[in-house]
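You will see two complexes here that share chain A, one where it goes with chain B and one where it goes with chain C.
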Partner chain A sequence: MHERLSFHIQRDSFLHRLNPLTKLVLTLTLILLAFTFPWYWTPHLLVLIAVIPLSLLGKVFREFMLTALRLIIPAAGFLFLMQAFFQPIGTDIIFQFYFLDMTSESVLFAFRNAMRIVVMVSAFTLFLLTTHPSELMSDLTRRGLPGQFAYVIISTLQILPQIMAKAQTIISAQRSRGLDTESSFLKRAGSLIPLIGPLVFGSLVEVEERAIAIEARGFTSKHVKTSLHEIPDPTFDKSLRWVLLILIIISIGLNLWLS
Partner chain B sequence: MLDKIKSNFNTQTWVLIPIAIAINIAVGQIVLVLKLPVFLDSIGTVMVAVLCGPWAGALTGALSNVIWGIAIDPGAFPWWPVAAMIGYMAGRMAQWGFFKNWWKVVVTGFVVALTAAIVSTPIAVYLFGGITASGSSFITAYLLATGQGIWSAVVSTSFLTEPVDKITTAMIAFAIIQGLPKRTIGGYPKSNQVATEGGASSTQLYIAIGVVVALVLFAAFMLRNILGG
Partner chain C sequence: MAFVNLQNVTYKYPLTEKPVLQNLSLQIQEGEFVSVIGPNGAGKSTLCYALAGFVPHFFKGEINGEIEVDGKKSSESTLDEWVLNVGLAFQNPFNQISGAKYTVFEEIAFGLENIGVPREEMKKRVEEAMSLTGISELADRSPYSLSGGQQQRVALTSILVMRPRLLVLDEPTSQMDPIGTREVFGVVRRMAEEGMTVVMVEHKVEWIANFADRVIALKEGQVLMEGKPNEVLTSDLLAESGFGISRYTSTAREAKKRGLWKKENLPVTLDEAVKGFKS
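For the complex of A and B:
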């Protein structure tokens, strides 16, 4: 089973060269602006003037668009339709279908909500496309994130494909022995235990061994560890982070002031 | 406080967490293959919560959603407080002794479900305007169409869908932990929490079924009150 585990694509671009923390702050800024800036067209504008140009700047436009088509557009489209039909607001009915009615207010409301979700998911996607997980983790560890967190994230990304493959093997093995995974509801529910059991027990037996192995490598040692791979953090990144932070504060401040 | 949090984490905990997250995701996938109407995507979280403590459970839940976001669907990020709260609550219930036999595990599952419903409601309302991209939103939409307010519509949808999922999750986690050899469990910080109480298993199972029925009636009663009010 081929499962793509990280969105990351290695390219040489302005966005790839930014410090991982700067990119994380940029992502959060986009999301917070989309959700808190009190102007109706903010999320729509952000997609046009920030998200799409950034994907071009990061040379990941094609991959970004593919992810958008596969993940973001379906979810946001579904959200838009559900909300446009079911939000019980507004009186100006523009479209009616049995008991469902779309008012111009609910369409506007749904459009903004869908665009907010588009900004949120696409900002994260862009971040993940241009940042390698281990680069982000080593940068954050250098800034004081406990090494254990970095271990959990990185090691999960490594273990996950193995366990997914194991799950697939168990499903095939149990099917070949005649386990019913397709007929009635009760039979399918009954198949749950013979599938989950081997997977979980098989994965848990190695915990103790792993624990001893990483303990022997100084996992809980309090000393500062040296890093082989230095991640640059130029002045430009530092000032950019401050600018973004001020933007966030202005946006939240305006939101509170106007409400 | 800090000492209590630290007591949840030893090296075995740190090693278990990635495996638990992977189990969450892999079991979620098995459930998709079987086309069952539940998620069961927090079995690993509940196991960590019970074996290592509430804080470890909360961390597993939160990171589980982060990983889900990194590896599979970036739309999973905003739900991390729900997953964290599931882990925290399961750990607390285990600490209070509610992970020792079948009917207590059912109660744990129910409490976890209520917590998840309460935590997920503000996220669904503020972030998505009440209607999210998941299938259960059709129920919310129906309730909205019948003239319910947004909060009560979202809360009652969660009350309808969460308990089945979370009670099953808790019961499977319990069965797995009971099946593990004592030697494997011994190294975790809170391994004493899962020592089973005595009693014939058939009697226990009857009590468990009775508790499920009582909880369903209670949920129906609550729901009627919410909808009526």
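For the complex of A and C:
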């Protein structure tokens, strides 16, 4: 019932202790380097020297590897095959499958793109695994992100599972009164229509009540908001963010200069 | 001048024909604990919304007459200022959980964050409010993992922690067991002793008789009766007008007709009934 849409795993690690903004900048740096640094092996190297060490540093290696095996590697593998077969570059055919052929150029091209995707998804996975959503939002709110925006993000993460649970309750209630859930697809789809009323209109009423409830607790107050949790932002974090920013600028600059 | 003052208030929700509140006037003194009773559709919840500023600032619609709390007129104020003085907790606890917080402690602190209370004071106030309503041991739970009664206590605590001058409660114990109900009435009574003015809509008349200073009976958007709990709750008018009354009152009323109830006044609670029948 009280599951939530969050990958966050509570551990005490170097990565968990970093300021959420620093982690966000780190994530973006990894992605931008993988995509813009003008050296072929950049994304491959990033996986080895950044992504994997960071997962160890964040004590989430096991969870990260599970996600990698279940999601990242299959997706990147699929992308690799598609691009290797269909990228019309090169003449040196190394593999043929009926009318499809791979050239050494298209394989190299596909390999790099797949690795870029691996870096991108991995970086985000690590970010989500080690950052509590409410910490991220209160830190960003403190830095000027509108409170309403942060509220929408966080409450969606929490309220969606509640709506899903409610849909399940309504289905069970209808089924106990004879809702057809086992015959042909069309019939079943048709019998789901009575579910829409209670779920959609019920949710709209809930939104109104929730609006009243948070309004009663000063949500639109013009006072400057404070935060219950102090989210530390030591000099180390600030310097790290500058270093990462410089890396991004160098990478993009080199990319533009060499192209 | 009364602390809360409603002068001939008539209010119609948008897109409806009939006014929900009709020429309603009432006065409440500071530190008074007033209970509002009434059948369905009497305008109890609308009265709560009107006191808390949501009628008309949130619901719009047509309003006539004047609502004053602590000398300030609702019509001249804005909702975000009004809620600093008037706290509202209503019936459905699930919809009162902000959804923005992961623990009960954070949930209760939500309102204080919004109005900019400094961190150390915030922690102190949340801890005090939680021990007052007896939910300290829930601090680290997710608000969504709680039972209905526990969620209602969290909703009440979330408002109490903001220390409103006027506390408006719309059936705050509807999902609670008798122990929870007694604790909530006890807490509310204590807040009233400390000077908070309380307006509470409730059906549980025996608890009202024990704890409230005054009862206002609403019917069709108007005050039908008001006065001391025992006078109002045992009146014949109330029984004839379709109000939920205590079973002890109706039993004694029948007994009185048969000459078995000798006292002048009818009872509301079990204790009073037992004493009355013994004498």
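Here is the rule we use: the second predicted complex is superposed on the first by the 222 of 259 C-alpha atoms of A that agree within 3 Å, B and C clash if a C-alpha of one lies under 4 Å from a C-alpha of the other, contacts with A are read in each partner's own complex, and residues count from 1 in each chain.
In the analysis below, a contact is a pair of C-beta atoms (placed from the backbone, for glycine too) under 8 Å apart; a residue touches a chain by one contact, two chains touch by 3 or more.
Keep in mind the model is a prediction, meaning the values are calculated, not measured.
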{"item": "Partner chain in contact with A:Met82 - chain B first, chain C second, else both or neither", "value": "first"}
{"item": "Chain B versus chain C as contact partner of A:Ser134, first or second or both or neither", "value": "second"}
{"item": "Partner chain(s) touched by A:Glu230 [first = chain B, second = chain C, both, neither]", "value": "second"}
{"item": "Touching partner for A:Leu45 - first (chain B), second (chain C), both, neither", "value": "neither"}
{"item": "Chain B versus chain C as contact partner of A:Ile159, first or second or both or neither", "value": "both"}
{"item": "First, second, both or neither for A:Tyr151, with chain B first and chain C second", "value": "both"}
{"item": "If touched residues of chain A are counted for chain B and for chain C, the larger one", "value": "B"}
{"item": "First (chain B), second (chain C), both or neither touched by A:Arg217", "value": "second"}
{"item": "Contacts on chain A seen with chain B and repeated with chain C across the two complexes", "value": "151, 155, 159, 162, 210-211, 214-215, 219-220"}
{"item": "Chain B residues touching chain A - in the complex, by the definition given at the top", "value": "9, 11-12, 14-19, 21-23, 25-27, 29-31, 33-36, 40, 43, 59, 63, 66-67, 69-71, 73-75, 77-78, 127-133, 137, 140-141, 144-145, 147, 172, 175-176, 179-180, 184, 187"}
{"item": "Touching residues on chain C, where the partner in the complex is chain A", "value": "49, 52, 54, 58, 79-80, 83-84, 87-90, 92, 94-102, 105-106, 109-119, 122-123, 126, 142, 144-145, 155, 158-159, 162"}
{"item": "Of all residues in chain A, those that touch chain C in their complex", "value": "1-2, 4, 132, 134, 147, 150-151, 154-155, 158-159, 162, 206, 209-230"}
{"item": "Contact footprint of chain B on chain A as seen in their complex", "value": "5-7, 35, 71-72, 75-76, 78-79, 82-83, 85-88, 99-100, 109-110, 113, 116-117, 120-121, 124-125, 128, 133, 148-149, 151-153, 155-157, 159-160, 162-164, 166-167, 171, 181, 185, 188-189, 191-193, 195-197, 199-201, 203-205, 207-208, 210-211, 214-215, 219-220"}
